Amino acid sequence: MKKFSREEMAARVAREFPDGAYVNLGIGLPTLVANHLPLDREIILHTENGLLGMGPAPEAEDVDPDLINAGKQPVTALPGASFFHQADSFGMMRGGHLDFCVLGAFQVSATGDLANWHTGAPDAIPAVGGAMDLAIGARNVYVMMEHLTKGGESKIVARCTYPLTGVGCVSRIFTDLAVIDVTPRGLAVIDIVPGLAFGELQRLTGVPLSRESLQRQP
Amino acid sequence: MIDKRVASADAALADVADGMTIMVGGFGTAGMPAELIDALVRHGARDLTIVSNNAGNADTGLALLLKARRVRRIICSFPRQTDSWHFDKLYKEKAIELELVPQGNLAERIRAAGAGIGAFFSPTGYATLLAEGKETREIGGRHYVLEYPIHADFALIKAERADRWGNLTYRKTARNFGPLMASAARCTVAQVRAIEPLGALDPETIVTPGIFVKRLVAA
Amino acid sequence: MKKFSREEMAARVAREFPDGAYVNLGIGLPTLVANHLPLDREIILHTENGLLGMGPAPEAEDVDPDLINAGKQPVTALPGASFFHQADSFGMMRGGHLDFCVLGAFQVSATGDLANWHTGAPDAIPAVGGAMDLAIGARNVYVMMEHLTKGGESKIVARCTYPLTGVGCVSRIFTDLAVIDVTPRGLAVIDIVPGLAFGELQRLTGVPLSRESLQRQP
Amino acid sequence: MIDKRVASADAALADVADGMTIMVGGFGTAGMPAELIDALVRHGARDLTIVSNNAGNADTGLALLLKARRVRRIICSFPRQTDSWHFDKLYKEKAIELELVPQGNLAERIRAAGAGIGAFFSPTGYATLLAEGKETREIGGRHYVLEYPIHADFALIKAERADRWGNLTYRKTARNFGPLMASAARCTVAQVRAIEPLGALDPETIVTPGIFVKRLVAA
């Protein structure tokens, strides 16, 4: 069994977006998704610091300090882009206008609770940014994360032990081992890395998984 | 490829249904989407709730929709005008329900719907007839009334320039309710003077980003 | 005694605004104030349908149906003008950014309650527009009205009998007989039409007036 | 004649006083009013409450204000950055009070102050640490947290072009908090790249009308 690479995960997420989708890609792993957007579809990227129609990183000589993404990296603006202030930008999320957001996570619970902003460690310096707004705002909240912690524990859990970002907000989880939907009846595996048996995935994961929706990937 | 252009106002409103809530932009006739309202009259949908600052002028636009008795209820700030005879007649016959809302609360309630705000405390209207029965609260020594968002199925608005992504600019005081209503409806249809190639609108000057617009009609 | 004319009342109001004041002039009598703004001061007019920097009515050939005031009359935009949507426009009022608004009235109470939107008659068709927002929004709410009804009753009353627009919101009243401040200690006459004795003004007015702040006009 | 231009950043901040609440625009360094922050450091006011999305970068701007221990309390969404060592140090020493606010609630609370809203129900943060102790309410099947406006004595923002009335345009994503903070402070000071003759800015493209701006500094 060879785990999905970060790029494979990103490509897998990118395939989900239909033509015309409005998408916000969170800081970290989700930013890789931008490199895999299908060329035959127009996917409009939102960055919560105030831009719709975000394009790729500029060439070094075109870097503009006034044109950055939520991770404070330089980006470009595509034809059709628009700029707006923070209340309008977060109104777009909170008001349910974004079709998808993709977020990293420390943990996701079986009921779609998300923990991704704070370890809760007493000496940790907290920072939340737009994570909580995105978690409750987008119509579909996708999480991209490794399936297991470095210590081998499942990041998919019965109940998050880290402080929550949002309650019942995650709709689909993309890990390096599987793609899993959060449904009213529990977690349903829809894809699994080649060479990994469902039983083994279940063993590695902390909570019950259903295989009813599972399709072997092509 | 994203292309929000629709062939006609009638096509843009084909899936309007009886009983829907429809926002109609404009302050008087400035920003009033006349072609879209005419299409709504032709469409024939009944039992509508209309959200609009005014209740129609003379024998045009919204006034004709009222005259045709398609409107069960209207949410507006200033129905009475010198030429609002169709509204006046229905109102006196009790053939239309009126929710009168101060103009700023109307604007803010529409914005709240678009921005996902559950409710907000407004000082406007406190201790007046228009706040009767509403929850109030004193905050920092000032009195407020709790106001709820107004959502809609459709918003019909008028803008100036657009591109195929649905980005919009407006013209002068015709901007009024357009950007707010665009954000508050499941399906926003914009009547625009010109649809430009993508990239022709300066991104600094776009007032309504295309995310809020589903359909464009050149008119 | 010759009552202040409408133009005299308007001129009297216009003198109140310092250079740089942001002012909203309500529909009806208050619109006359625009004709009397002192030429040596920049007074910026706000119209709640979405314009700051409103100029005078245009020549007939320059009328633009997209450029109107709150009374739906054609206006112009001065250099320095800006356009904005209704939420921003009413935020300006509600947020206390306007220095003055001038409103017409049916009645003003001794404590500054304002009634100007509805007669309350059972067959009246109500309409409120921005009146309630202006009443509670501007830092100084001025009222311009005739002192007496056509039937000779005072429009300054102990308690409004018409439905209220706002509570305790009026700061100064300009009538065709006097200029009166609403103060925590009651109504204080600050100006009176030449030839009218204070005692007569008091007799005509429904509620106690103070003459302590009264200065004869020059 | 209205002329909001002030000779220098120091002159523009002369009446800042100890204990004030000061909003500082910017998301990272985009839209950060560096010259005004430097003037605030030089000014020497202490015991400040700062409202800003971030808590300073490296040895510049807001970070220097923190380093000089002028800030009693900071209201922000994302203090921790790779180069926020001055904040980190104060925080670990408990030498600064932090009110951590989700970015969208921060924006909306600032807007609410500017727009005279007494409080609003936001879905963001419900059932999280950041909503602990706050009033909640279920509205239409969704859970909300009651959030209050954030007002300030001063707002220091960066804009692109201005005129002597204080009208402002912004540049790209440097717009971020500027227009909101401008509306929420008693005294808004804008650092701008260029001050143009009155009438040079297209009235359709002005993002912050001059009514919200008290002082302009070219920088």
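Going by the order they are written in, the chains are A, B, C and D; count residues from 1 in each one.
Everything that follows uses one rule, which is that a residue touches a chain if its C-beta (ideal position, glycine included) is under 8 Å from a C-beta of that chain, and two chains touch if they have at least 3 such contacts.
Everything numeric in this text was worked out from a predicted model, so none of it was measured.
Peer 1: Which contact partners do subunit A and subunit B have in common?
Peer 2: Chains touching both subunit A and subunit B: D.
Peer 1: How many angstrom between the C-alpha centroids of subunit C and subunit B?
Peer 2: Taking the mean C-alpha position of each chain, the two centres sit 29 Å apart.
Peer 1: Centre to centre, by mean C-alpha position, how many angstrom separate subunit A and subunit C?
Peer 2: Computed from C-alpha means, the inter-chain centre distance equals 55 Å.
Peer 1: Nearest whole angstrom, what separates the Cα centre of subunit B from the Cα centre of subunit D?
Peer 2: So the centre of subunit B lies 32 Å away from the centre of subunit D.
Peer 1: Could you list the positions in subunit D whose residues touch two or more of the other chains?
Peer 2: 108, 111, 115-117, 122-123, 170-172, 203-204
Peer 1: Please output the residue numbers of subunit A that touch at least 2 other chains, ranges allowed.
Peer 2: 77, 83-84, 87, 90-91, 93-94, 137, in rising order.
Peer 1: How is the touch graph of the chains shaped: line, ring, star, complete or other?
Peer 2: Other.
Peer 1: So, with touch as defined above, which chain pairs make the list?
Peer 2: A-B, A-D, B-C, B-D, C-D
Peer 1: Help me check something: in the complex, which residues belonging to subunit A touch subunit D?
Peer 2: Going by the criterion above, the answer is residues 47-51, 64-68, 72, 77, 83-87, 89-91, 93-94, 118, 123, 125-133, 136-137, 163-167.
Peer 1: Name, in rising order, each residue of subunit B that touches subunit C in their complex.
Peer 2: Checking each residue of subunit B against subunit C gives 27-31, 53, 77-81, 84, 87-88, 91-92, 98, 100-108, 110-111, 122-130, 143, 170-180, 207.
Peer 1: Mind listing the subunit D positions that touch subunit C in their complex?
Peer 2: Residue positions touching the partner: 1-2, 111, 113-117, 163-165, 167, 183, 198-199, 203-204, 206, 209-212.
Peer 1: How about subunit C: which of its residues touch subunit D in the complex?
Peer 2: Per the touch definition, subunit C meets subunit D at residues 19-20, 22, 42, 44, 46, 52-53, 77, 79-84, 87, 90-98, 137.
Peer 1: Which of the residues in subunit B end up touching subunit D in this complex?
Peer 2: It is residues 108, 112, 115-123, 137, 139-140, 142, 144, 148, 169-172, 202-205 of subunit B that touch subunit D.
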